[in-house]
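I've put the structures underneath this note.
Here chain A shows up in two complexes: once beside chain B, once beside chain C.
Moving on to the complex of A and B:
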């Protein structure tokens, strides 16, 4: 494997992606395009100047034939310590916009370098409503301003935090910032910072009727219905929801910062904790991106093991969603049945991976170990037993008239809204678009499997439930196929950048031993470059956008999670509904706070 | 002439029985829910966990008796008492067997309805006195709920009253010697059962305490024995509700072979378990859905039921003349 000598690709070869040519046709090549970058994931990546940003994005969003209607991701990179920039016009910071087109099944990345003294960009909140939180996150993490953003303030960090954590000069560990102290004044100050002041969010305390005040009620961060540390400040008129201001960041663990100090291998256990319900489904997009970056081919057996375990974790995650959703509607029992089933799944994952919720099972280039003896028997028992349980749940939950009464038509949105807000996964499929990355952009050998993509049409709470439930049957179907035709072969790639050499071999020659030692103690050095492979996780599309600067650690790891986009939609979905419906909406969204805050 | 010693003995037996039963039911419900939900439930204290309620009681009595500083103290303290008192008062008119009743009032049904309406006050003023938003929303829901079930609760009973020709509960039971009223008064039974569930704040009508969104609702601020009173009060009203269903629609103490008290006990237990089973199975409706269902569906049905029953009774009286 030889790293590419230049990140720039020759523009005259005609290999340029069509969309870049279209952009040049529209804006003229003179002074428009600063650079086109070659990335390992082959997503067209272009650099433009800040004053061109809004018109370019607007053109891509609506004017170009087969437009890019979804803002998939938006974040930034601190470029100040970058060594391998290969002639790219980097400045102090780079802000990147990842757009997605369903018509083309294609992504495009727009990068804007920030060079001057003033760190700011024009806001695009008016183009994409979901840019709101992404821009706030960039402001919070990098200190980059967005002109025209209505409420530009910190999102994940508390408002009194000093510094911008993802800047390279911000310390990563507690030991780097001196002794932690919490004097009484600070307690008072932090308490005051938590006080919600409606005026700051453009909300009125009083109704136009002078005898009538709105009620502001704090749901969370410690509340049974929010499934974790999520705070929803809800403005109520009676029980009708006028508006909601979500407050997130209570579960923030600086995953993206940690990724900049862990080696490529030792970050894998951290990915488990991004969405703690879906185990290896987090490891999948990370490992795929690393493998794309390093150009590693994964053996078929390893791919199939990955698919099988992914589907088990999808089942486990969906079961938690199923039970807690029913509980949000007020049904007491389902959650116990479903957690018992999940226990059976975790008995299998424990037998195979050794871990349950945090399996730490995928490795770069394969998986940690081969399947244990007797694995097929365990799984056989499960796949034979589980379908009848699903039938029971359907009678108990989905067919229940009260459940339908509570969920049909509640929290509904259209397909256009779903795309504008960056909704993916079951949230998107419940609106009628059969968009599943396992089908439309198969990875890890998903194209070899026979399964369907369930859809529903109304985009309400009930339809989201329908999609989830049908997906569980499809997961079971995929697991069965893995069981019936598990290929023979190696469970990991022998690429030197992948897992360390097999231990047996290290005992025979010194070269392998040295290689093993270096790979384990320092970690492999990945060639400079960028790669991102989005995958279909249990809740939507998850991706790890990795930037390597030719070191044993990542230069920048951007984690795009579905829950972040979905939680941002909650006020939009719940406005005008009743307080009880908010619980139905939250339950149907299927989010995990660790996945929101990262 | 009232036999005072007999009445006093009845009071002691019923009061002791009801309170013990309510404590026991806490364990029964938790065990049953456990079995239905593929888990054990409380099984550590005493044989099979039987003494769990006792252990809970010791815990509640010894807990700090906390009154939130923002609450309206006097009312806050008074409320839990109302719950238990009204529920226990209802037992006064419950005829368990012929002659086995504290007060054989000739307007027993009205007394029961009055007590159940008074109990609603505890929820309303309890939530109000707590002076917290969640409790407040809970009591608002309780009021909305009250407005929906109270109306048809009374109406659905009137069919049985018409058929028996009396407000006296013992007379109503006696009138079912040959045919239980559940057969001619099936609609009345359904309406009353539904209203009773709403009155006792049981699933699917437990909106005032909806743990998912209102985290215990009207009694969110109560702890220690004050909470315990709410808790026991709820089980007492479940017993009263089941007893009233049995008395009004399922022939009270009537039944072959076994003594009347046993029949009454068995039938009542059956309904108590049914109410637990409903809790284990069904989700919760929304309060506006209960309102519209109560006013648009159950209320007209109860009225039609009353009209038809009244017509039949009148026609029979005509024949008899």
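Moving on to the complex of A and C:
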């Protein structure tokens, strides 16, 4: 269980050299890059100084040939307890910008170290509209300011919160903070903190016509149409939506902080709950990142089992979306049919994984168990029967004239907007770009499967529904291929970082016994390094950006979720629509609150 | 003799000692009971939950409304959007510090009599989320009537807890009027399910092997998400 060596590799070769060389060609090779970091995921990672940040980002966004138009992720790390510096210019905090280029099919990570007393960076809200919430999240979680941000205030934590949770000196556990109490004065204070004051958000109460007032309607956090504890304050002129101020953080489960205390294996059950509708689809990006970090190869059988179960959970998640979306628009019966089918999928997941919504089924280097005897009959029964149900649902929902009336042309946006706001998954494909990571950056053996990437062209609520519905048929297609050609072999890797020595081998020598004991009770020690493997989950791209400092636990786990980016788009999508269309927009977005707030 | 059996009110029927068709017809539709028992019977079978979901548990609670489980059998399918019309607050999920004042307000807006079911480990005790943003159990600021274990509890667990709550509601006695009789609510002491089920659980000696599937017929008209096993009809 000793950490493997993580010597810095030569950074001047291959694909990595391309974009770094272009940057150096533009900004000069002397003094621009403070370091080029080697990461296990092969994403070019460069360190620059704070004063070069905006020009670098602007160059990458629009001036470089084959630009990087999407801000995929933006967050920070508290570096104060970091042991392995690897010659990098690590300061007190590091802020990292993860950009993505569709032309190149490539990511780039730009890191800015923060040193000294003033913790602030220039804001990039004017470059990317989705930087708004990411910068507010960093301000909330780390206390780093952004100069030029219009509304820099807490995003996830309530305004009365003291401290910045993701700093290393903030308590992690609820039991550390002390027993929760609700004396009357605290109740009054917290209730008042929930009051919405339009002036604080730059919204006017009165129209230019002095006799006309805007109406502010508070939707949520306890509202049936928001699918969870989401709060949207809408500014209305009559029935028309002028603006929306979303309030999130009612479902902030501190997953990123918990990742800093759970061992690599014991964080897997937590990933299930990041997006509670899609089970193993959460475990996939986490396990892939850990495996990349540790250099573990997953056997083909394990990969195929993973793919099969992922597609089942994609179906389960899409079925919930399908039913609740129809229900949001007023069709009350489809949700009953779809939940019944979801029950059948859960009968399968229960038979194979032992769990329904939270299966905790993937392991580092494989899956928890081999497939049980008779699994194929069960799945056969399902895949033969389910397509006819999908046909019925298309007649019931997608061909329904009322459904079309409520969704066609509602909440539409262009492909450029989708990319600028960081939309991924069905939200992006509904605008016409067939971008599916299973196809363009295959992982876990998806390149071995024959399937298509459904797209639509208008980017409205109906087209998002079309993409979801067509995707379900492709998932079935993939499951059928898994069924027909499930490879033989092992269901888990025997790499020492993945699996402790087998029990039957431990009774022969003390060394194996000790390694078994340590591996089971403490878990593996992963080599220092960083890795991130984005995957296509049911709602868009999910990725876990793991930083190991050579311990049993992660030093920093950044969870990039699609729902966060998508909910941030809701005001943009709903402006100018009627209030009743807001529910169609929300339903079509397909989000889960735990995926927004993590 | 009016009495409770399996959560149902069994009253004296007229046909005891009757001798004609009239008495037998009346006997089928007339029930004698104490007013308090009758009111409790009504409350028991119309526990309307508040439509308030927090996390994963709410999905399972919503699943119990759908036709495979059909919580309407117990009169609890009337999910109300307004706390004024709801009887039961099901705290279905993680209780966050930010959402605690909202839960407290919803509870206080509900009319008496009202009950609270704490659904899932997070609402019971914080569960696996011992984290800075999570209240370690909703009972820190609300009185809880039934605790439901599970992460998340499956729909049939939700229904079992609903029946437990029904038993409790059925044996509660509340004042009939503000001007006569005792004014306090008489709460029964409910037995711990851990103790009640211990004997049955310790008796179990046979378990499914993990590599053998239970026989499940997905397309059976009686499909209820439960394995079909004729040798053990009660799974």
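Keep this in mind: the second predicted complex is superposed on the first by the 567 of 598 C-alpha atoms of A that agree within 3 Å, B and C clash if a C-alpha of one lies under 4 Å from a C-alpha of the other, contacts with A are read in each partner's own complex, and residues count from 1 in each chain.
As a working rule, a contact is a pair of C-beta atoms (placed from the backbone, for glycine too) under 8 Å apart; a residue touches a chain by one contact, two chains touch by 3 or more.
For clarity, every value in this text was computed on a predicted model and none was experimentally measured.
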item	value
Partner chain in contact with A:239 - chain B first, chain C second, else both or neither	first
Touched partner set for A:527, first chain B, second chain C, both or neither	neither
Touching partner for A:190 - first (chain B), second (chain C), both, neither	second
Which of chain B and chain C A:145 touches, first, second, both or neither	neither
Touched partner set for A:445, first chain B, second chain C, both or neither	neither
Chain B versus chain C as contact partner of A:336, first or second or both or neither	both
Touched partner set for A:157, first chain B, second chain C, both or neither	second
Partner chain in contact with A:224 - chain B first, chain C second, else both or neither	both
Between chain B and chain C, more extensive residue contact with chain A	C
Residues on chain A lying within both footprints (that of chain B and that of chain C)	224, 336, 340
Residues of chain A that touch chain B when the two form their complex	215, 217, 219, 223-225, 238-239, 326-333, 336-337, 340, 396, 400, 402-403, 405-406, 578-583
Residues of chain B defined as touching chain A within the complex	33, 36-39, 133-134, 137, 140-141, 203-204, 206-207, 210-213, 215, 279-289
Chain C-facing residues of chain A, complex	156-158, 161, 165, 170-177, 179-182, 187, 190-191, 194, 221-222, 224, 228-229, 249-254, 257-258, 269-270, 273, 276-277, 320, 335-336, 339-340, 342-344, 346-348, 350-351, 354, 356-358, 369-370, 372-375, 378, 381-382, 385, 593-594
Of chain C, residues touching chain A in the complex	51-56, 58-60, 62-63, 66-68, 81, 94, 96-102, 104-106, 126, 128-136, 140-141, 151-152, 154, 210-214, 216-219, 223-225, 227
